[in-house]
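In the two complexes below, chain A is the common chain; its partner is chain B in one and chain C in the other.
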Partner chain A sequence: MKFRVERDVLSEAVAWTARSLPSRPAAPVLAGLVFEAVESEGGEGDNGSVTLSGFDYEVSSRAQIGADVTEPGRILIHGKLLADIAKSLPNRPVEFSTEGSKVLVSCGSSRFTLQTLPVEDYPALPTMPTATGAVTASGLASAVSQVAIAAGRDDTIPMLTGIRVEIEGEKITLVATDRFRLAVRELQWKPEQQDMSATSLIPSKVLSDTAKALTGGDWVTLALSGGDAGEGLIGFQSGDGASSGAKGSRRMTSRLLSGEFVKYRSLFPSEYNITATVETAPFLEAAKRVSLVADRTSPIKLAFTQGEVTLEAGAGDEAQASEAMDAVLDGEDISVSFNPSFLLDGLQVIDTQYAQLSFTVASKPAVLMGRPALDAPPQEEFRYLMMPLRVPGQSAG
Partner chain B sequence: MSDGSGVSGVSRRTAGAPAFEPYGVWTDLVGQDHISTDLVQAALGNGMTHAWLLTGPPGSGRSTAARAFAAALQCTTANEPGCGHCLGCRTVLDGVHPDVLQLATDQLSIGVADTRDLVRRSSMTPSSGRWQVLLIEDADRLTEAAGNVLLKAVEEPSSRTVWILCAPGRDDMLPTIRSRCRHLLLRTPPSTAVAEILVRRDGVDPIRAREAARAAQGHIGRAKRLATDDEARAKRSEVLALPSSLTDMGSALSAAQKLVDATISEAKRAAEERNVTETADLRLAMGYQEGSRKAVPGAAGALKDLETRQKKRATRMQRDALDLALVDLAAFYRDVLAVQLGAIGGAGGDVTEPIHDDQYAAVRKIAAAGTPEATLRRIEAVLECRKAVERSVAPLLAVEAMAVRLR
Partner chain C sequence: MRSLPSILHVDLDAFYASVEQLHKPSLRGKPVVVGGIGNRGVVSTASYEARAFGVHSALATGIARRRAPNAAYLIPRFGAYQVYSERVMALMHELSPLVEPLSLDEAFIDISHLMEPIDRQSSRNATLKARQVADDLRTRIKTETGLTASIGAGSSKLIAKIASDAEKPDGLVIIEPGTEQTWLDPLPVRALWGVGPATAERLRKIGATTVAELRTLSHAELTAAVGASYGATLYAIARGQDDRDVSTDRELKSVSVEDTFAEDLLDPATITAHMDDLVTRLSGRIRKAGRSGRTITIKVRGHDFTTVSRSETTPNPTDDPAAIRAATHRMLPGAVAAATQLTPGVRLLGVGLTGLAEWAQLDLFSAEEGDDTLDFWDRDAETAPGDSDGDFDMDMPRGVVEGSAAPAAPQPPPDPDPQPDPADITTPVPTVEGERSPRQFGPLPPGTRGAVEAAGAERRLLPGQDVTHDEFGGGWVQGSGLGRVTVRFERPWTGPGRIKTLRSDDPALRLTDAADLAREALELLAGRGPDDGISIGDMTDEPAKTEVVDNELEDRFEIWHGDRLAGFAAYRRRGDATVFVHTQIEPEFEGKGLASVLARRALDETVARGQAIIPVCPFIAAYLRKHPEYEEHVRWPAPDSPAGDHSGDR
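Up next is the complex of A and B:
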């Protein structure tokens, strides 16, 4: 095998595929990246292409880059090591050529001789399901980051470590919960079929990593194969279409989680008695400060009165903190306690100037939403539901 | 009349079914045609279920059967599950199929952390659209806590998930787990069948194969080792020399010391062989290049982990080796008993065959010197020693106690 490729193109592709490689591979070959070089098919400006792929039995990633291929072939090179090498090479074209079981990587006057891994032992990569639609890369990334915070991290209930994706026509809904809070985000997309309807459960970590990793292009193509019918894969693709001559495309597939997801829609109250609106950034800052004296289990208390909110944490003999700031309250005075990290998680992903908290009563779940301005309605595309903490003696205070 | 597909019962071959002709992955399964038939039928969709428990004596091929079944479930050849040559079969047998996760422990127990990972994997959908197979080779070594972690996942796995658990006996599993599995019982393969596979697969001389097969008492792996490894044969002879060397207290104690030393040195030798290849594999995976000492971050930690694991495994291997020696010893006294009762070499001809054919002279001598009652007491002593070793009694103490009682 022999090919020549631009340094930047190479290092970016290697870094991208190597990031999904397992740090403790189940089998030695899985630490490798497969390089497959194919010659030009004779198209204008087409000198051939190299496909890099990695797999850890759950997630596969594949990057295709344009390269000047003089001898086609397929080899397996240690991915993390090559990533380290690729990013420190001088900015000159890089040439790969095999010599027996070694591969020679030369760039300018630098030369690396690396041992290859046995490529014939490498497992077959899952095939990409057929495309079901496309979503903007930045839209997907921001939506996933908003929802992923609520996903469970405890493997005892694997279903909760996933993000549920519901597709209904031109709307995608992402949902995640760990039983204490729940995040829902809706976004628009371009389905292949207008009337399509599908659901699947994607491991949260995978979806977060993938959404971040695919921000390179404008659009991300989603490819979903039905979770119940047996095949359970989701594919993502960014870059130019799936045609064979495409250069610079990125693909990932991930296995899905199976299991019945929480029936979450009924958890949201149908109407709210009290809404409180605060300015997001100062409120987040204040909540962070006050939370410093609260440990993971002790609550942060928000006491809303007309025109003001007081944040309090710590009680009794322990360290205490409190801070007051402006708030617009619509309804009666209310005082609610939350797990501080759950509150901070939610506030951190609100990207509007104001944030609105909606309540029915203090003991029922509260809903956090973004609000662009005080005279504008809240944005319902993202909703974050939090269970309040029951605090002993709260009714007395 | 049961049709044999009961979920909890041991299934039997349906009467009148054509005899099973082993092919592909099933040819390595010796003398277990009844199991192969059931598993092939299951892979074809008749009597398939989400959890299986394969039990049978050590060496009978539990894990071979489990792997063959896993291959059959991933096999892409129509009507011949487990063909042995399609990509599905080959990758399962090589241990690199993405939808088959095999957990085999070489340590004393399987803990909660490993089990959690399995449970997480069990909730994933298969990437090929066939089955997501989770195979635990030593399910009897699951700790109780680990068993409880597994419980929920085995009870209600996702629709395409299959659990295959292997254990020596049903009683080795938590009742809550075994009641959720379809149970298949492997029998001790007849020594003729074991000898046959040694000849066919490993090219062993037939006479030697027969002797080894009988001495290994149906343990296929052990038979192969005895037939092909001279050192293993020598070690066995050393062990079997113990009964003849017991004359007084002093000789009993020194014989005990010798037995323990011999087993430990054999275990060490076997462990070392594996350690070397394993370490080399890991170094490769961690990006150590030939002759270099630099690798990717985390490599040193991973190597250290491997070392800890290898140490734990050494303990297990020593125990296993000692247990093997004790089984050989018990079989020796069984031969003695058979001679004393006239089942071997008696007036009515041989009712049974000696296990240790090559030790016949020693067996006769000891048989002539004692009574069947004394022999039974000795067998009891050996079996008690096995139990003591399993309960982590210091090996030397347990063996000394036994040797004194064997005098």
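Up next is the complex of A and C:
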């Protein structure tokens, strides 16, 4: 096997595929990246291509890049090591050539000789399911980043580490919760079939990484199989080999999480007694400052009165902080305590000038939404539900 | 050093014996000895009348009987002592929030806030104020409990403690600030905290028999004589230097519950059901304390005493029984498997919460939230008592589960729905993974300890125990044997009563609870009838008996508070000696003086067995230094003992 490739194209593709490699692989071959070089099919500007793939039985990633292939072939190279090498190479064309069980990587005057892994032992990658529709890459990335903050990080309840994807015609709804807060985001997409309806649960980390990694192209194709059956698979593809030049295409598949997601819709109160609107950026800054004195889980208290909100944290003989700022309150005064990181997480993904907090009572969930202007209604496409902290002097109910 | 005599040390005089004399009018003014009554027993407390005969704490009861053959020898009734102790502590709390109990009968109080209005320049006025406060307290203790207390007041704990001992019993000594050293100097070194006969002997060898002489010794000399750490302490206290605060630091560090079962649990469903019951109790307790916790720990002890703990830390503090239960369900199978690897059967289950916080992160799916949230964790939450009730009250009737030492079967909850035969109920409990395991509420054997206590057929009537007779009323057991029991029918509020001899199996004769009698007596003193139903001095959640048992299977003395293990003193038997290796009190029982109770009972039992005490455990060693009466039974371990001449029997 022998090919030559641009250093930037190589290092980006290696970094992207190597990222999903397991740090403690179940089998030694899974630490490797498969390089498959194919010669040109004769099209104009097509000198051949190399496909890099990695797999850990859960997630597979596959990047196709344009390359000058002089001798086709298929080899397996240790991924993390190659990633380290690729990003340190000088900015010159990189040449790969095999010599027996070794591969020689040369770039400028640098020479690396690497031992290859037995490629014949490498498992077959799952096949990409048929496409079910397409979503804009930037739209997917921003929606996923808003929802992923609420996903659980604790593996003990796998269901909570996922992002639920509900497809209903031209609308996709993404939902995640760690049982203390819940984020819902709706977005439009182009389904293959207008009347399609499906749900799946994707590991949050995979979806976040994928959404970020696939922003190269305009559109991301989603491919869903199995759905509720448990052994489901989701595929993502951005770009394709022929039309996207040297950067090539990216493809990713992930096993779906099994298990039923919580019935979350009923968690949102049907109506609110109190709404408070604040200017997002200053409020976020104030909350960050005041939270400095709160340890990871100790409360930040928001006391809303007419025209004003006071943020307070810290207690007793330890450090304390407070700050007051303008707020538009509709309803009675209310004082609610939250885990500061939950509040900050939510505010950080609000991209409108104002943010609205809606309450029923202090011990019930509060809902955070973006609001473009004071005289505009809140945007309901993203809703962030937070369960408050119960603090001393407040009853359980 | 404080400039005001604002620390009081209150010490009840001959506490156990005094309570016995209060409860048994015929014994007032007579020698009374409380402790192990068998010939191998040891004296816990002797009344001052008995002390005149040379009977003192830790003396072998056999010797005591020879010295004071006519004294009344009684078993301790901890239930009663606890009630009196709580009453006295409550009186102290009325004076100041800063009360530091050292044991049932001893506490420090910081009264500096009462001296605020006084001209701080005038220590004379402050001393008068201290005297007035201390006198009032002694009067109140006397009128409201009938007990006498000795009080010492001074500018430090050290001074107050030594002062309270200076004029026992019923004494009051106030050391005016500035005069401490003058007062300390002539005292023998033995008066200082921690100086027992062995230390005193070492100090004598280097020329110090009084505090004044002790002060002439250098830090290095002291360190050479008694070790680095105690040497430093001694150097400071010889100079009256002690700036420790009265510490009410009884901050809750953890909350836990556990049960030991009479018969090993074999069936996973039964084990789970018991764990669920423990979780319900735990969350009730944690809510009552107004706390929540982040780390959930379970403990499983197998038949062969293999003990396995597993813990899980949640990102946010919780007090939600459903969340705690879910965590225990995740950990239980692994822990049970590990604890029962060699032999089947589970003898103990426990669950605890640490990483406590005062706030709780509410859960979107909490079962307690009512109709508008999803009952996600446990669809059968309503079948477990308390789960659906945010204000679950620990004191609600729960059959035998809370009320006795017997951790019996989780009782079907008082449920509006008709209950099927408990033996047939099988409630499916979905675990988080979606599996379903059967949970059975079946009749289970009562716990061992409870069973022993409840074994009416073998009831042992011991001298001092409270009884009641349908015909003759209340009284106490004076003696028993040969199928007969001698009862003196008198109550704390009657005059000395008559003696009657009855058959021990007289069905009209029943044992009664010492704590109840104590409460009744206190209520009468407080001018309230016994039927007012007000429980006085109820400072703890559940007034429970404290008892010390020797668990030979685990080589440790255990102190039980009610049905819960409060701590233990682990030992190793080495021929004619018992080596005390480690003592610990569960965090939630700290500060109740249980460690001292445990040490005393464990040491007494060891002495009673004719065994020498080898204190490797620092706590036991410290206790022994404070309690020189054990000295003749102690073999100090060699390494820490420069004066090695104290090892070996004397």
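Going forward, the second predicted complex is superposed on the first by the 382 of 397 C-alpha atoms of A that agree within 3 Å, B and C clash if a C-alpha of one lies under 4 Å from a C-alpha of the other, contacts with A are read in each partner's own complex, and residues count from 1 in each chain.
Criterion: a residue touches a chain if its C-beta (ideal position, glycine included) is under 8 Å from a C-beta of that chain, and two chains touch if they have at least 3 such contacts.
Because the structure is predicted, anything quoted here is derived from the model rather than measured.
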Simultaneous placement of chain C and chain B on chain A, clash or fit: clash
Chain B versus chain C as contact partner of A:Val38, first or second or both or neither: neither
Partner chain(s) touched by A:Ala198 [first = chain B, second = chain C, both, neither]: neither
Which superposed partner A:Met387 touches (first chain B, second chain C, both, neither): second
Partner chain in contact with A:Gly259 - chain B first, chain C second, else both or neither: both
First (chain B), second (chain C), both or neither touched by A:Ala15: neither
Chain B versus chain C as contact partner of A:Thr156, first or second or both or neither: both
First, second, both or neither for A:Pro123, with chain B first and chain C second: first
Chain B versus chain C as contact partner of A:Met325, first or second or both or neither: neither
From 39-47, 75-83, 327-335 or 597-605, the chain C stretch with C-alpha clashes against chain B: 327-335
Touching both chain C and chain B, counted on chain A across the two superposed complexes: 156, 259
Touching residues on chain B, where the partner in the complex is chain A: 87, 91, 94-98, 101, 116-117, 119-120, 122-130, 149, 158-161, 281-282, 284-287, 289-290, 295-298, 302
Residue ranges of chain A in contact with chain B within the complex: 23-25, 27-31, 55, 57-58, 78, 80-81, 84, 114-115, 117, 121-124, 126, 155-156, 158-159, 161, 203, 225, 227-233, 253, 255-259
Interface residues, chain A side, partner chain C - complex: 153-154, 156-157, 177-182, 259-260, 262-263, 266-267, 269, 297-299, 315, 337, 339, 363, 365, 385, 387-392, 395-397
Touch list for chain C against partner chain A, complex: 287, 290, 294, 312, 314-317, 327, 330, 357-365, 368, 370, 372-374, 376, 390-391, 432, 434
